[in-house]
Structure formats: C-alpha cells, structure tokens
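One chain, chain A, links the two complexes that follow: it is found with chain B in the first and with chain C in the second.
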Partner chain A sequence: MGKLFSVSYFGNVIPKLLSALPSTIGIVLASLAFGLVLGFLAAALRIRGGPVMSRIAAFYISFMRGVPLIALMLLVYFGFPQLMSFLGFEAGSWPKYPLVIASFALNVSGYLAENMRSAYLSVDKSQFEAAHSIGMTGLQGFVHIIFPQAVTNALPSVGNTVIMLIKDTALAFSLGVVDIMGKAVLINARNYGARQVEIFVAVGLIYWAVCFVLERILDLLEKRGRKPLRLG
Partner chain B sequence: MKMRSRKILAGVTALALCLVLTACGSSQSAATPSPSPSPTETPQQVIKVGMMATLKPFVYTDDSDNIIGYDIDMLNAIDELLPDYTFEYQNLQFSVLFTSLENGTVDMLTGTIGRNAEREAKYLVPSIDSGYVVSSLVVPEDDTATNSFDDMAGKKIPMDPARYEYNVMKEYNDEHPDKAMVIVEMADVTQADSMKMVADGRCDAALIYRDSFEEIQKELDLPVRMSDVYAVKQPYCQLINPSLTEFGAKYEEALQTLIDNGTMSQISVKWLGYDMFADN
Partner chain C sequence: MRLDTQFMLDSIPIILKALPVTAFISVFSMLLGGLLGLLIALIRYYKIPVLDRLFRVYVSLIRGFPLMVQLYLAYFGLPFYINMYCQSVGIDNLAKNIPPLAFAVFAFSVNTSAYVSEVFRSALDSLDKGQREACSSIGMTSFQTMAHILLPQAMVAAIPNLVNLFLGNIKASTLAYMISVHEMMGVAVVLANRAYNYLEIYIVTAVIYWLLCVLLERVFARMEFRFSRYKVRV
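Right, the complex of A and B next:
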C-alpha cells in the first residue's frame, strides 16, 4: 500500500502553490483598498450623515455583513453584466478578476465601516474639547488628535477583518480565478485527488504563514501607535 | 515621519497595482485570443466555452494552468473546420456553470456533461455524442464476487449527487429494489478518496472511471481491484445557448466529420488509451 502522507510530494507542491500567492495577495490588497474607501464613506455617513443618510449607511453595512460572501459573489458575477447590459453596454464579456475584487471589496467594506465607527467612537470626547481649547479647528482636531488615536484603536479589529478577507479569497476560484486555493484544486484534479491531504495541508500552512506575517506587522504598528509622545 | 509614511503608502499602492495587473494577465492566459481579421476577412464570431477544468483526462490544466485534455483537442479540431468561429475557453466551477450559459456569460458548456430530457428541452444539444465516460466497480482485492450493480445488494458505495452516475445508480435501485445498493452521498468526493474508502473498509465498492484507475493506483497502490465489467457507460455532449442555432448546426456537422474521418478516435486513443468510438 502506498504512503498515506508523502513528504516529498508535500515538499514539491508548496512552490507550485506559492506561484499563485501574487494572485491571492493582489485580490486582498485591491479589495482592501476599495473596501477601505467604501467602509470609510459608510462609517462617516453612519456617524454624521443625518437621519436619512445614516439609515442608508446602516442598511448598507447590515446588508454587506449579512449576505454570505459566496451569494454576494454570484450576485456581482451574474448581476453586474446584466446591469451593464440594461444600461446599454455589452453583456457577458466582463473579466472575472475585477468582479471578484468588487465582491470582496463590498463584503469587507461592511466590516471595515463598523471597525472604523467603533474606533472613532472609542476616542474620548474630551480629546475633541482639548483640541478646541488649543485653538484647533474641527478638521485640524480630527486629523492631528482624533484620527491617530482612532487608527491605533482600530488596528486589532481591522487586523481580524483583513485575516478574514485573506481566508475568504479561497472562494475566488468559485468563479474560476486561480488563487492559492484554485491552484490547489487544479493540482488535485491532475492526480485524481490521490494526494489531497498533502495539498490541502500545504494550502493551510501557506494561509497561516501569510496571516502570521500580517499579525506580526499589526502588532508592531499597534505598539508603535501606543508609544507615548516624547516632548522636548 | 510624514514623508516616510507617504513613501510606504506609495510603495504599497504600486505593489498592489502590479499584483492586480499581473494577476489579471495570468487569469486570462487560458483564453484563446481571437485573431484580428484582415480587411477582406469576415470577423470570426467568438464562442465562449465554459468548463470545469478538473475532469482529467477530459478537461484539466497543465502545470502552467493552460486548459488541456480530450475536449480541448476535439474543440480545437472543430475550430479548424469552422472558419467563421473561434473558441475561447473559460474555467468555471460547477456552482456557476449552468447559470453562466443561461445568462450569456458563456455560449457553450463542455466536460463530461450527460444528456437528459431536461437539458435537451432547455439548451441546444447536438444529437451526436462527443464521447463516453466508462466506469467500473472497484472493490477490495479479495472480493472476487462483486463485479456489477447486480452484486451490490445492501453494499455501500460513495457517490457525489452532482454526478451523472448518481442518477444511474438511483434508477437502478428504483428498478431493482431487491438488489438495491446503499448510496453514500458525499459532495465533491474524489475518485482517489472513493478508492481509499474501499481500501479501509468504510465502503464496499466505488465507481471509478476506467482510465483513471491505473493512474491512481500508481500513486496510492491500494489493496483493491477493478472489475472487468462496465458498470456505467455515460454518453456525453456539449450544451449550447439556444439562440445559436446556426452555430449549433455547423458544430454538429463538424463533429460528425471528425468522427467519420477518424480524428475523434485518434484523440480518444491519445487521452484515454483506447478508441471509445470503436463500438459505436
């Protein structure tokens, strides 16, 4: 009977899987960039949008957090071309990669909006008053006093959201985008699933390693943010 | 400090853009580009073909993620016979395959797709089968008595309910209640996993593609054997968007030509090791 776990196969498959790492990181960074912009807008409207816009923002956040990611992906993948067709553009020829990024960005923006809102609200009101008392305008106070504190407060929860996003990218292959998980499925298919355990242990370790590096970076940033300012 | 932050931000943004552009490029590498027509040529109509490229040897990917296999050689041969059309291949997962055809994201589906009345009513289905998937029972090597479904009364066999063979087995059970087998329903169970389940006694038999058995055994060397009896011979076909009637007719004509001139037999021998058209 053949080996149940082939160490040599495990060693050989890791570089093959790593060749898809740029695709996964590309999806994460692009989704995060768009998600941060959307999340910031949603959080700002939720806090200061007045009775109507605040409710619309609350609904947006609730919807993006409440809809399963795979359902949102299918909605964007099938719905966006239909919408474009309705608006008079050509349907059915949209590349998958941007649609996958749009799905992830929409999903993560809901979580990031709540991360940002809670971080902003966690800054004590006396900090606004202190900024005012030394002659700063509202915007100056926000940029120089509130924002740096809010960012530091937000780091742990944003870190969790980004880790969740990294793992969620494993769904990108549902639409045929070859990320690490997609690469694993294709390699697995090439040998009829005979070395499935080795492949998916390797996949798990790669995702964990990426998340571990991110955790360390966030730890460093958090420690740096919490360092008291030295005066003089 | 501010300057440094800006530099870091600029660096991260540039890296993200590079990665996105690189990935966008690689994600389209499997697609066949349509050649640009010369002023005198009629532009070729692009037929987008969706498939689940995890079905070795019919449709799967090589080390560079190019889609290859029996179906691709067949489609490339058909492409050569149809100068007005060019094929573009898209790797999709099962969850989006049929909806992609329905909403026009792709024009045709391929990859061991079984023929049934529901599909024939909904899509344009060529009347000619483009191939056959032949499966036999794999049982423990000391079990010489189990060779066909008739020997499976009360015995356990794993099967993915999304597979064509699942329906064949259900129909067999309905028609032969006294010989009914116990179908262990498992989503996405691979052929290798099914064989492992037989080897370790969790199931009594597995239904395995005849061309896959030796390949899996080379890797795992399990204490199992394959029956010489064909348990399921599944004819398969392509599904075409019903609006493409002219293309559908030309496609069917081209496929018949390839069967008649022996090209399909050659492709079959190349990928499966035998001529699946020999008896048909």
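Right, the complex of A and C next:
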C-alpha cells in the first residue's frame, strides 16, 4: 500500500500550491477592501442612521453573520445572474471572480461592521464632549479624536476577522476558482486518489503559515497601537 | 421580477426535513469537541510537561487550517489509513462501511476542540489566583479545587463564547454537503440542480439558516441571563 506519508511528494506539491498563492491573496485583499467599505457603511448607519436605517443596517449585519458562507456564495453566484436576467440584463456567463469576491465581501462586512461598531462604542463619550468643548465640529471630533482611538480598539477583532476571511476563501474552489485550495483539489483530482493526505496537509500548512505571519504582524501593530494612531 | 413563490414554499418542508442531520452534526461535534477541548484546556492550564507543548501545536494547527481542508483530510485521509491498517492485519477494509456523516462529525469535533480549549483556558486564566490559594489553605485537593471552585466559575465565563462556537458549528455543518452528507445545504443543492431554480432555493436556504441562528441566539441569551444571576446577588 505504500508509505504512511510521502515526504518527497509533500515537498514536491508545496511549490505547485504556492504558485496559486497570489490568487488567494488577491481574493482576500479585494474582499477585505469591499468588506471594509460595506462594513463601515453598515456600522455608521447602525449607530446613527435614525430609527429606520438603523433597523435595516441591524438586519443586514445579522443576516450576513447568520447565513452560512457557502449558502451566501451559492446565492450570489447562481442568484445574481438569474436576478440580472429577470431585470433584462442577459449575459452568456458572468465572470467568476467578481461574484466570488462579492460574496466574501458581503459575508465579512457583517463581521467587520460589528467589530467597528463595538470599537466605536468603546471610545468614551466624554471624548466627544471634550472635542466639542474645545470648539471642534462633530466631523473634526470624529476624524481627529474618536476615529484614531476606535481604530486602535478595533485592531484585535478586525485582525481575527481577517484571519477568518483568509481561511474562508478556501471555499472559493467550490465555484471553480483556482486559489491554493482550488489548486490542491485539481492536483488531487489528477492523482486518482493517491497521496491525498500529503496534498491537503500541504495546503493546510500554507494557510496556517499565512495566518501565523499575519498574527505576528497584528501583535506588533497592537503593541505599537497602545499609543493612539496619529493621522497627519 | 418573477420568483417562483410556490416552488419556494414547497421547498421549505423538504429542506427542513434534513434539519435533524444538521442538528446531529452540530450538537455531536459540540459535545465531543467540547469534552476534548476541556481536557486540552486542563492539560494546558496545569502545564503538564510534553502534553502541554504537544497540544499547543495541535491548537495552533487546527485553528490555522481552513475547516474545509480538515474535512477533506478526515474524509480522504482516515479511510486511507484505516484501509492500510486493515490490509496489514489482513481483514476486510472497514472504512467502506463508515458513512460520510461520521467523517464530518469527526472533523468538526476536532476543529471545535481547539477553539473550545482556548475558550476554557482563557476562562480559567481570568479567575483570581487567590482562589487556588484559598482552596489549598482550607485543605482542598487540586482536583476538588478544580471541580468545585474553578470549573463552575469558568463555565459561566465560557458560556457566551461556547454559544458562539455552537452557532458557528451550525453554519459550518453546511460544508458537510461537500463530502455528500445530506444535511439541509446538501438537500438544497440537490433541489436547486434538479429544477434550475437557484435563486429561489438559495434565498430559502439562507433565510432558514439565518432564522435558526437568530432564534437560537435569543434562546441562549435567556440562558446566559439565568446562569449569570449568581453574580448579581454577590
């Protein structure tokens, strides 16, 4: 039956997987960028959107956090083209990457909104009053006083969300995206069931290493962040 | 926009019929993972040599591997090793008779154990050191101290995080459909592929999971309130 674990095969497969790492990183960064924008909007509306918008934002956040990622991905991937054709926009096929990124961005925006909201709320109210008392406008107070402190507060939880996002992007293969997990699944399919453990341990270790490096960077930032961030 | 609402309504009971499978996966992996996680937390709390190191690596790896990778490792890897063992002792391949559901529960339990161990460890660490000293000063053994004093308090501190992990498990159980377990997601995918009504089915599925999570969140919030009543009295 062969070896328990073929170290040489394991060594061979790692560079092949790493060739798809840029794809994974691209998906993570793009999803994070859109997720941060959506999350910020949702958090802002949740906090001071008035009774109606705040309700809607709360629903949005709860929905994005409550729906399993794979269900959201399938909903966006299959639902969006269907929705578009209902609305009269026909396209032979919609590009895969934007839809995959959109579903990750929607999902992560719910978590980021909660991270940002609690970071904002953890800044003491008196800070606002102090800013006001020295003649700052509401916007100035937010930009110069509240926001830098909120960013520092948000760093640990946002960091965790990003790490979660990185591991979640491993699901993109289910829609045929060739990121590192997609590559692993392709190699696995070509192998007719041989050396599966080596392939998936290798891909897992790559995710682990990426998360490990990111955690270290976040630790450093957090230590530095004890001094509130200075903008300009 | 034309949504086939009749089809949506009809699909709800079909998907819900698989709710027990979803519940089975989430509850069992929470129980098994919870027990294993508690054990790991205790090993790491008492800093038992060698094992402490070993489980530190275990927890780090499990938390760093995507759940999908763990699921595939269980689904592809375990049968491989079981078959290898069976061949070496000359018996029929036992792995053929193991349903995919078992591999799913195994993978989710292992995954949960790492997160649960961190929850308990931080809950135990958050307790005042003076309590351990107080217990030993009145002659309690370290087992008594853990069972009667530390663990009950740690449990209460851990509940909110355990609830989050459980809700996470419900959502994570959807991945089991990738190894052909017919839980709610798996049933939904089959339905969608049969009728090409993707949008309808996936809206229904998403809403079912969302409602399930919201409902359970409410229930658990009530429970948490009850469990933490003792704090108010003090």
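Miscellaneous remarks
One rule holds in what follows: the second predicted complex is superposed on the first by the 224 of 232 C-alpha atoms of A that agree within 3 Å, B and C clash if a C-alpha of one lies under 4 Å from a C-alpha of the other, contacts with A are read in each partner's own complex, and residues count from 1 in each chain.
Operating definition for what follows: contacts are C-beta pairs under 8 Å (C-beta built on N, C-alpha and C of every residue); 3 or more make two chains touch, one makes a residue touch a chain.
Since the model is a prediction, treat every value here as computed from it, not as a measurement.
Three-chain overlay on chain A, with chain B and chain C in a clash. Legend: residue contacts after superposition of the two complexes on their common chain; A:Arg190 is shown touching chain B, with no touch to chain C. Once the two complexes are overlaid on the shared chain, A:Met181 sits against chain C while remaining clear of chain B.
When the two complexes are overlaid on their common chain A, residue A:Ala30 makes contact with chain B while staying clear of chain C.
In the superposition on chain A, contact is made by A:Lys16 with chain B only, not with chain C. Of the two partner chains placed by the overlay, only chain B lies in contact with A:Ile101; chain C stays clear of it. Of the two partner chains, neither chain B nor chain C is touched by A:Phe89. Comparing the listed stretches 26-34, 44-52, 62-70 or 80-88 of chain C against chain B after superposition, the clashing one is 80-88. Overlap of the chain B and chain C contact sets on chain A: residues 1, 70, 74, 78, 82, 173-174, 188, 193, 196. Residues of chain A touching chain C in their complex: 1, 4, 62-63, 65-72, 74-75, 78-79, 82-83, 86-87, 167-168, 170-171, 173-174, 181, 184, 188, 193, 196-197, 200-201, 203-205, 207-209, 211-212.
On the chain B side of its complex with chain A, the touching residues are 12-13, 15-16, 19-20, 22-24, 26-28, 48, 53-56, 60-61, 63, 65, 90-93, 95-96, 99-100, 103-106, 190-193, 199, 212, 215-216, 219-223.
Per the touch definition, chain C reaches chain A in the complex via residues 1-2, 60-61, 63-70, 72-73, 76-77, 80-81, 83-84, 87-88, 170-172, 174-175, 177-178, 185, 188-189, 192, 198-199, 202-203, 205-206, 209-214.
For chain A in complex with chain B, the residues that touch the partner chain are 1-2, 16, 22-23, 25-27, 29-30, 33, 70, 74, 77-78, 81-82, 91-92, 95-98, 101, 173-178, 183, 185-186, 188-196.
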